[in-house]
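Chain lettering (A, B, C and D) follows the sequence in which the chains are written, and residue indices restart at 1 in each chain.
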Amino acid sequence: MYPEKISETSKGVYIIAATPFTDSGELDLDSCDSLTDFYLDKGVTGFTILGMMGEAPKLTEAETLAVMDRVLGRIDGRVPVVVGVSHASNRHVERLAKTAMDQGAAGVMLAPVANLKTDEQVYHYFATMARLLGPDIPICLQDFPQVTGVHMSVGVILQLIDDFPQVVMLKHEDFPGMRKLSELRTQSADAGRRRISILVGNGGLFLPQEMLRGADGAMTGFAYPEMLVQACALFDQGRADEAEDLYNLYLPLLRHEFQYGLGLALRKETLRRRGAIRSAYVRRPGPVLGAIDMAELGRLIERQAQALRERGL
Amino acid sequence: MYPEKISETSKGVYIIAATPFTDSGELDLDSCDSLTDFYLDKGVTGFTILGMMGEAPKLTEAETLAVMDRVLGRIDGRVPVVVGVSHASNRHVERLAKTAMDQGAAGVMLAPVANLKTDEQVYHYFATMARLLGPDIPICLQDFPQVTGVHMSVGVILQLIDDFPQVVMLKHEDFPGMRKLSELRTQSADAGRRRISILVGNGGLFLPQEMLRGADGAMTGFAYPEMLVQACALFDQGRADEAEDLYNLYLPLLRHEFQYGLGLALRKETLRRRGAIRSAYVRRPGPVLGAIDMAELGRLIERQAQALRERGL
Amino acid sequence: MYPEKISETSKGVYIIAATPFTDSGELDLDSCDSLTDFYLDKGVTGFTILGMMGEAPKLTEAETLAVMDRVLGRIDGRVPVVVGVSHASNRHVERLAKTAMDQGAAGVMLAPVANLKTDEQVYHYFATMARLLGPDIPICLQDFPQVTGVHMSVGVILQLIDDFPQVVMLKHEDFPGMRKLSELRTQSADAGRRRISILVGNGGLFLPQEMLRGADGAMTGFAYPEMLVQACALFDQGRADEAEDLYNLYLPLLRHEFQYGLGLALRKETLRRRGAIRSAYVRRPGPVLGAIDMAELGRLIERQAQALRERGL
Amino acid sequence: MYPEKISETSKGVYIIAATPFTDSGELDLDSCDSLTDFYLDKGVTGFTILGMMGEAPKLTEAETLAVMDRVLGRIDGRVPVVVGVSHASNRHVERLAKTAMDQGAAGVMLAPVANLKTDEQVYHYFATMARLLGPDIPICLQDFPQVTGVHMSVGVILQLIDDFPQVVMLKHEDFPGMRKLSELRTQSADAGRRRISILVGNGGLFLPQEMLRGADGAMTGFAYPEMLVQACALFDQGRADEAEDLYNLYLPLLRHEFQYGLGLALRKETLRRRGAIRSAYVRRPGPVLGAIDMAELGRLIERQAQALRERGL
């Protein structure tokens, strides 16, 4: 069953899915299934697989295809799946994107290659890729300069929206980036431009403020997706204060996961504790949690559970 | 009246003091006074003036001396004052540090110059400076790689502690940096080393976790220093859960101030709203808050006030 | 005597002047004189003082003014002098630029502040500064991303040329940057734009190719300015092969000076050996030449002299 | 036929081999053969394949294995071949290195992954990899911070030499890096350490000076390898001035190839003009030479030929 493709009207929570390994670092496809079920059970609107948080650069091509096949098969069209296709070679991006779409993906996510420096260079890269992928593959632009080193201006993003109808979504995770989000919405509205979907990343650290500035949801991997789902739904209903009250109960742990690099290990360990995957293994080189990290995480999880209980949640 | 110098046993909250300007960008020495009084009134343990957050690189030398003179005079020895002396030229650091100490500073804070790449280079820089300043000027090392671009390893910090008794304090704001803090404490204890004071920066975004990992307090500029003061006191009394409960009430706003660059404008505006300074002006080039930023800040302040009221605080 | 200001038609060699110190690091104003005379004697077209190579960030404001006063006084209007005014604070840039012009400078050179990321941000910075300095102060843009971290696109530079008549010169030292130079010339000509003066930096490592691509001369500090002067004159006369033959005789040493950071120490030592200054001291932190460095430099100087002798030069 | 593995006594010229493509970007294995023959014909001591200059990050795994197989088969043990194995995943490095050695490689070259910041982190990475690869795979460390962003201190390199006998070679291309080379040699000799092979990269821009400072040869891809071979042989015979005289005849073109990024396109085009490969295609995103670039390159090649003719070479 093929789902709808992503589009300008996509909203809600696209969970950035972890890629599970065994304790010895082999791909764990059974945990792929259980993790997929876990996310679906928490009510996510969609998935994003094979992103940075999915350790995509550490998979072989065979593993990449195996993960894609397994997750898409498990979901079986129930929700849309965006596939991360960022790579140093244009040919690779093209091949992976076409394979993903053939297998039922709802769209692809693409970050810029390193070393793009000026607006013109950034525009040229994405324009080239949009032409290469063609009009039928919906693209989610990933704007994450803290990791890519590439800065995408409001002007470049708007120009890409104008020139390529297949650019339908932005994963917004510039930091600080809230004013950029507002500028995108304002300049777009002022010029009568096509309004695309903006989902926020950065671990959701500014989700409430970003929803109020015009975001359509979240594309992040917080290990408690049920909160993201509920909060986004409340925002969508105009119940901002309720949404933020809920969000704030999870903020201490969400902020804890925000730690670049280490955050992935914390997130996988939390997912393991929640029964979603069997091992929290992160491929090397990568962070390994020590005893203090484990105790600290446990304390924060317990405090969060306590806070929820106190409010009858 | 000369206060005690800072030492290995310093703890509590050293507030990173803003430098107030008028709306036209002139130094506002009257607001220096009112801001100093505000911080003292909130119970801070000490001050750090003329740091990055104090816009030191945008002051003339005359202005630098005027601020130092005014704040030290106003405090008049009631609490210790650390003076930021980081500069591209060793001669300048030396001159400024000696002037500060002559006027009653309790110590100096020093960040590494840019372009130090290896452990040896970082060690050599601080060793040179420690010798230049001599044994009588207590030094607080500022470890803030997100801004300086310089990474200080645990090994280098410990070696500096071993070799220079005047290194008595670390402003810890590497990010993610909590494991570094733990390693510093563990490796120091294991080797029977001198234990120095560690105060945390980074806006206090991980303060509770850092206190539990062995920090002695905070050196940051959150616009509600009274929370920092209370929380650190509670941690000091072993009442970690109470401390963190209090902290979490302020976390949404504290996280909001965490935005690099923009955070200074938000902080000054909050201080202005609290009556501590007359103008929120930040010297150019620098961030200017727009209508959306102002409304958003106001909403977060009001929500925080509401949360405090609900708990009878 | 006031010289002509720099303009779109400026060409030739604007020497980046070193700032001489004594062996103990004090400003050496006598060597300022002798170095100024040395440069004039070698036939330079103009001077650029208080740039990065002039260790401007390590001077006090009093020293900055003393150097400006001394050099401008010594030159006394015989050739134009560009003054570097780059600084973290707009107010400082404005004050320094106005002082320089009042004292007879021919224009100012301005590099972008750090942390400008997109075309819009870069444009906005220079537009703000151009308005602040007003129409009567000619500006030389310094495009040196290897040091500033800021990338100036062709589009931004052209827009600044269109919008601000006082932008009359570009110090071109992006690397690799030759295609940018060609694009600037081509896009400017195609659009019937004002053609500004482009002088090349980067130690002159690609001077012959850049002259053929449309540069008007060099703004660099090679310790043998007489070669730069002769080569640029030959290029100006259309005698490119002769110019490059001459240039190539100096290329081994010129390339040796190209080493970032260390190059300044090598350059000052060469100037000292040529009798232009008394001490090769570089302010700390800064490179110090060791015995191997000194012997190596000596060998390259001797080989260059030998090569010149062999050709009867 | 299996060649000797690389060792501490390796010297001479290890050519960094380009990876040839057709004009449409497909792997061109016939040109792999002709290029291999070209390099062998010019007398290179060894090869380094699948490095950054070999566009390794843009090859699929199948292509990687195809290139390795083709080049190793063509050389058939006549000279040693180092295989680049750098990758974001340790598992990938291990797999590729073992495959390479099984097929007759003489050793592997390994650059650090991104984001290693301190001496301890860099040491830990290479120590982990050395243990993973085991004592039988000789390792060439690649020290190229301009591209990797990782700085390897002299102390770390020496420690790796002490702890891992399989670390037998350093590709030295820090810049400026000559003093580092001298420090490595001096500190190693002073402590009676194992002396490893040091081959210089960075396009050979400082080859003569580096040979005099103790380098054993070059590992770079200059399109005129015959000069590198002759110059290194002359240096090895103590005929430094002759070596440098020869080198200087090629310096203008060598410097031209030094342009990061663009240099690969210039090098491939030069190899194409010399008949070594059929197409100068560089995989996208990547530099494409324009008409001005082509004419400029042609002029430099002709000038070099002229200079050689004038000297009867």
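The rule is short, and it goes like this: a residue touches a chain if its C-beta (ideal position, glycine included) is under 8 Å from a C-beta of that chain, and two chains touch if they have at least 3 such contacts.
Everything quoted here is computed from the prediction, not taken from an experiment.
Asker: Give the fewest steps needed to get from chain B to chain C, where each step moves from one chain to a chain it touches.
Answerer: Minimum number of steps from chain B to chain C: 1.
Asker: Enter the angle, 0 to 180° in steps of 5, of the rotation superposing CA atoms of chain A on those of chain C.
Answerer: About 180 degrees of rotation relates the two copies.
Asker: Averaged over CA atoms, how far is the centre of chain B from the centre of chain D? Could you give it in whole Å?
Answerer: Computed value for the inter-centroid distance: 47 Å.
Asker: Can you work out the whole-Å distance between the CA centroids of chain A and chain D?
Answerer: 38
Asker: In whole angstrom, what separates the CA-based centres of chain A and chain B?
Answerer: Centres of chain A and chain B (C-alpha means) sit 34 Å apart.
Asker: Enumerate the residues of chain D that touch no fewer than two other chains.
Answerer: In chain D, 261 touch at least two other chains.
Asker: Under the definition above, what is the set of chain D residues touching chain C in their complex?
Answerer: Residues 175-176, 178-179, 182, 205-206, 208-209, 212-213, 241, 244, 248, 251-252, 255-256, 259-263, 290, 292-293, 296, 300, 303 of chain D touch chain C in their complex.
Asker: Okay, in this complex, where on chain A does chain C touch?
Answerer: 117-121, 145, 151-156
Asker: Under the touch definition given earlier, write down the residues of chain A that touch chain D in their complex.
Answerer: Counting only chain A, the residues touching chain D are 25, 57-61, 88-92, 113, 115, 125, 128, 261, 283-285.
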